[in-house]
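The chains carry the letters A, B and C, assigned in the order they are written, with residues numbered from 1 in each.
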């Protein structure tokens, strides 16, 4: 199993400040930790994940030119959204969890009463 | 010992290169592995002082080949030598010492003028210079003996401040000083 | 809660319930990358010292102990840490001319430039010029104190608190403290290069 090695430059590299990875919300660090743990457990391969991440970002880039047309707002670039999408894709492809199960759980969590703070 | 590693004050160097790889610790995965290997090696193979001395003993061209290259070469040297006398004995270097410190904060001291053939932590630019004790840092394993398998021989350690002009002459900055942490055997008392 | 947050939580729950990964393993990875490595440790120390005068006094009297109060310890390159404060008339900068000693528990591992022959050779002899080249112009009357880490003592620079930051929280202040400011080649509050 190849040891996960985070890119530090280029498209697949996570945002860093002061050399450290920057998480702007707790879910981002959880998604990151989940990915790394799945690699360490051998459930997914880092190289597969990385390839999917590059694909996700590539698709976004292709759909959103660096210089938007006059009057158009530049599309917000959200690295961790791409990360999460890549992870979901790989997990469902590997059969670790079906897309239906995931959608069901997301729906159930969305129904929770306000004030739930986890 | 005099060598390529003793860089302080050496002339001929240009601007510090910043940005890109210069901001990073590792630029390739093998460097990360060297870091891990040295960590592992130093827990069994040799003490930190012997490791630093192994780096100092590398050929100049190997030393200049880059930081992680010299770590790897030094580790290889220690593996080849496999010298039981420099094995690590403890994870820390601070020691208790019954002997009282010879110097007090505020004392004027002069560093030894001569270089030594083996490992030392007195840089060349600070030899034979007059400074002032600013802090007693306790007693520590003496690198000059520990690196060579001659025992820990703990010594008192002092932070000693020097004016830039004392170290580098009258052209140096009048409003700069350099402090070093120096072991008691490097120092002798000065009057005034 | 955002859609992404819900999806991340759902994924984690499903995979831990199935025993594919454990919550503890994920916690360990996150804390390693988020907290255990890098200059954010030092930045928290500096921000605390800016906000709490008692902590600042303890930090300057015994850096190792005050840094350990925040949970940052380690015999490797951190057995004895001395904190040196910048002020209006004094600026501190740290180097290791003989090798590359650096306060790992608070700053992580050093960047390549800190280990370069250029920095190690020149910052002791011509610190004002080197700092200016690195983007830090100091008034000629400001005294520069260079700390050459020649034994096992490690140095951390306590930068000056930037003006106009009185209303900021400790967390927000920590975000202003760069690795470079704690080595002494930049001021706090300047964008990291």
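Going forward, a residue touches a chain if its C-beta (ideal position, glycine included) is under 8 Å from a C-beta of that chain, and two chains touch if they have at least 3 such contacts.
Just so it is clear, the structure is predicted and the values come from calculations on it, not from any experiment.
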item	value
Core chain by centroid distance, with centroids computed from Cα atoms only	C
Most remote chain, CA-based centroid, reference being chain A	B
Centroid distance [mean C-alpha coordinates] between chain C and chain B, Å	22
Mean-CA-position distance for chain B and chain A (Å)	45
Between chain A and chain C, centroid-to-centroid distance (C-alpha), Å	28
Per-residue overlap in chain B, given as positions that touch at least 2 other chains	23-25
Overlap residues in chain A, where contacts from two or more other chains coincide	19
Touching two or more other chains - residues of chain C	108, 111
Residues of chain A defined as touching chain C within the complex	17-21, 23, 25-34, 36-38, 40-41, 43, 80-81, 84, 87-88, 91, 96-97, 101-102, 105-106, 109-110, 118
Residue numbers on chain B that touch chain C, as the complex places them	5-19, 21-25, 27, 35, 52, 55, 64, 67, 91-94, 121-123, 125-126, 135, 137-138, 140, 143, 157, 159, 161, 164, 167-168, 172-173, 175-183
Touching residues (chain side chain C, partner chain B) in the complex	75, 79-80, 82, 95, 97-100, 108-113, 115-122, 124-128, 130, 133-134, 140-153, 193
Residues on chain C engaged by chain A in the complex (per definition of touch)	1-15, 18, 20-22, 25-27, 29-30, 33-34, 37-40, 43, 108, 111, 175, 178-179, 192
